[in-house]
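Below is one structure, written out as structure tokens; the observations come after it.
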Amino acid sequence: MSDAADPTLARRADGLRAQFDAGFAVAHRAAPAAFTEVLTLRAGGVVYALRVAHIGALHADRQLTPLPGPIPELLGLAGVRGDLVPVYDLGALLGHAAASSPRWLVVSADARVGLAFEAFEAHLRVAPPGPAEGAAERTHVREVVMTPAGARPVVDVPSLCEAIVRRAAATTKAERGR
Amino acid sequence: MGEIDAPSIPTLLCRVQRTFCALPLTSVVETMRPLPVQRLGGLPPFLCGVAIIRGEAVPVVDLATLLGLSEDAPTRYVTLRVGEHHVALAVSEVVGVRALLPARLGELPGLLRDSTAQFVQLLGTLDERLLLVLNGARLVPDGLWKHLDSGPIA
Amino acid sequence: MAREMTFGQKIGAGFAVTVVLTVTIAAVAVYALRRVVHSKDLVIDVQAQELIDAQRIQEHLESKRSAIRGYLWLGTEDRLRDLEQSRADLLAGLGRLQRRAKDPAARERLAEIARAEQAHQDASSAVLELKRSGAANDVVVSAFDSQIAPARDRVVAAVSAFVSHEEQSLSQAREAATRGADSATLLVLIIAGLVVALSLLIALALTRALGRQIGTAVGQVQSSSAELQAAATQQATGAKEQATAMSEITTTISELLATSRQIAQSAQRVADVAEKTAGAARVGEGTVQRASDSIAGIRRQVDQVVNHMLELGRKSQQIGAVLEIVSELAEQTNILAINATIEAAGAGDSGRRFAVVADEIRKLADRVAGSTKEIRGLIDDVRSAVNTTVMATETGSKAVDSGGRQFGEVATSFKQIADLVATTTEAGREIELSTKQQTTAVEQVNLAIANVAQATKETEASSGQTLQTASQLAGLSRDLLQLVHQQATA
């Protein structure tokens, strides 16, 4: 029961402290000329990146109220800052198998759509994304960013939202037409 | 500063031992944990020395000594803008940002106004305790900046 | 001197004296008888022989005369041979008489006979010659009558004289012999009287001496017989008691026999029980072994618990370290949030929402810091609990060790019990065997005791006989003493 349980951990805390404190000693560095802030996450078993600029909020463990809707990817409604937002399974929307219990939730910047996914990885500031391989075939994934953990395809959230809205409208029209 | 009818004064509330001090947020740059201090000779006792903060040599004022309280190891530095210079205040705790109502604050009694404690701008109470609203610009005597500017660090 | 002589010597001496006297009497009597016999023999052999011989001489003379007459008558020669023979016999007889005769008167008379006979012979020869010469018978007869008849008469007269002489000396010898016999008789009588008197004296002396001695001895015999009687009585009593005791011993031995049989049975039961106990002890040993194994298992589990606890302590330490990081991060977040708030305040209205988020971040950081404090407290509690648990577990471990050792001792004790029980079993078997042998021995003793009891009964009987005999002996000795005393006083 000595304090020598795991010295690396204790040193890590000290390291963090020293690093943090030393950060105050140095002058503010100028931000990189061009950078993009992204969130990396896992949806449908695949790792993706989302531009922070496209996102209004990030939440976890929000209670969903199941709602039958025209689009099968709809999981339900969630209350976000006083608004009710329809939440869709991001993995399913991207063509993967539906996740069992996606606990994370991002809300689009226009707060029209919520996208649920299994795991949040990181908030990163990276170099601007480049075009993804085979971008022409893929509707909502046209870019890729390089992160310290590797390349991550970037999901185009506004495009995805538009698609959802269109589909919903089309379904509603079809129902009305019937 | 000092307008009684102003709506509210956003301040950074700090604690020095059992005394609360409010620093007008307009003069506050940031807070941090104490950084290494280089002691210098010929300084008043409330000046601990100089610390390198954001690439600058910043004099560190021990607020406890300045207020005539017993010495205590500070846990936070609060850097203030004083004209072109910066000064770091060593405090026991940074409580947070508080908007103070000027109506709840009073002028310093006349007896104290001309004393050395010119840095205390207003007085008030917070949770039954004395609250000092400090004037950062008066914390460091003007002569000292010259001394510091001519010092080897600057 | 008489005192020093033994009883036998005294009697022997007395008898010796008596024998000497008797021998003396016998010798005297023999001497006297011899003399009488001699006298009588003399009378019978000599005098009578002489008378007989004198008679024979007369007969031979007659034979001679008849032979002569025969010759004279017949003239046969064989008569002459008879004559010769008769004359030889006559002369032989006469010769014997002459040789034997000591008395001079007898000798004289025998010489007279010899002469008369010679004269007769001569006359005879003359006549015979005459005959032979053939003389007439008358002449011969007258010659015969004249010459031979007187010669014969003289011879007869001479013989008669001798016979009368001899008869006279015979009567004299008879008288002398009768006198000798009388004197011998007198002598014998005198000596016999002496012997009787002496014998009486000796008898008296012996009676006196022996009576005293025998009296003493008989007295001793009597007292001894009384003692013997007493002893015999005691012996009889003792024998009776012994018989009683024997019967008691027999009873006791019978009981002993029964007891030893019971002991044998008990020993058998003990051995059986001991065997069962040994089995139980083996079972107990096994049980203890299993319990010991269980304790070892507990020990291992306790060790595992200790290890887990130590691990838990280390983990909580690590949690502490992680918590330190979390705390650090919370603090940093707190600082950054405050700085963000300050920054937002400088940004005017556009920074207000950002200031709200920053304040939320700060509050979150404060909550994290509070949580880390709580967690630290919990970790401290855990560490304290782990310490306590480890100490308790170590105590428990020691207790388990102690228990294990005790179980080991118990196991050892069980082993010892098993060994001892095995020894007990063996001892029980040995006791059983020994008791059986003892039973056999006791049976033999019982037999021997029965024999002894029989012998004791016989002893009792014989001691009764002894008592009887001793009583008889006492009576006899009393009688004897009485007799001796009577004699002694008589």
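As written, the chain order gives the labels A, B and C, with residue 1 at the start of each chain.
Simple rule for what comes next: a contact is a pair of C-beta atoms (placed from the backbone, for glycine too) under 8 Å apart; a residue touches a chain by one contact, two chains touch by 3 or more.
Every value quoted in this text rests on a predicted model; they were computed, and no experiment measured them.
The highest number of C-beta contact pairs joins the chains A-C.
When each chain is reduced to the average of its Cα atoms, C sits farthest from subunit B.
Centres computed as Cα averages put subunit A at a distance of 43 Å from subunit B. Between subunit B and subunit C, the centres computed from C-alpha atoms are 144 Å apart. As a whole-number value, the distance joining the C-alpha centres of subunit A and subunit C reads 136 Å.
Of all residues in subunit A, those touching 2 or more other chains are 17, 20, listed in ascending order. Residue positions 335 of subunit C are each in touch with at least two other chains. Contact with two or more other chains is made by residues 30, 32-33 of subunit B. Listed in rising order, the residues of subunit A touching subunit C in the complex are 1-3, 5-6, 9-10, 12-13, 16-17, 20. Considering their complex, residues 331, 335, 338-339, 341-343, 345-346, 355, 359, 362 of subunit C touch subunit B.
Remark: subunit C residues 310, 313-318, 320-322, 324-325, 327-329, 332, 335, 383, 386-387, 390 touch subunit A in the complex. Of all residues in subunit B, those touching subunit A in their complex are 30, 32-33, 35, 51-56. Per the touch definition, subunit A reaches subunit B in the complex via residues 17, 20-21, 24-28.
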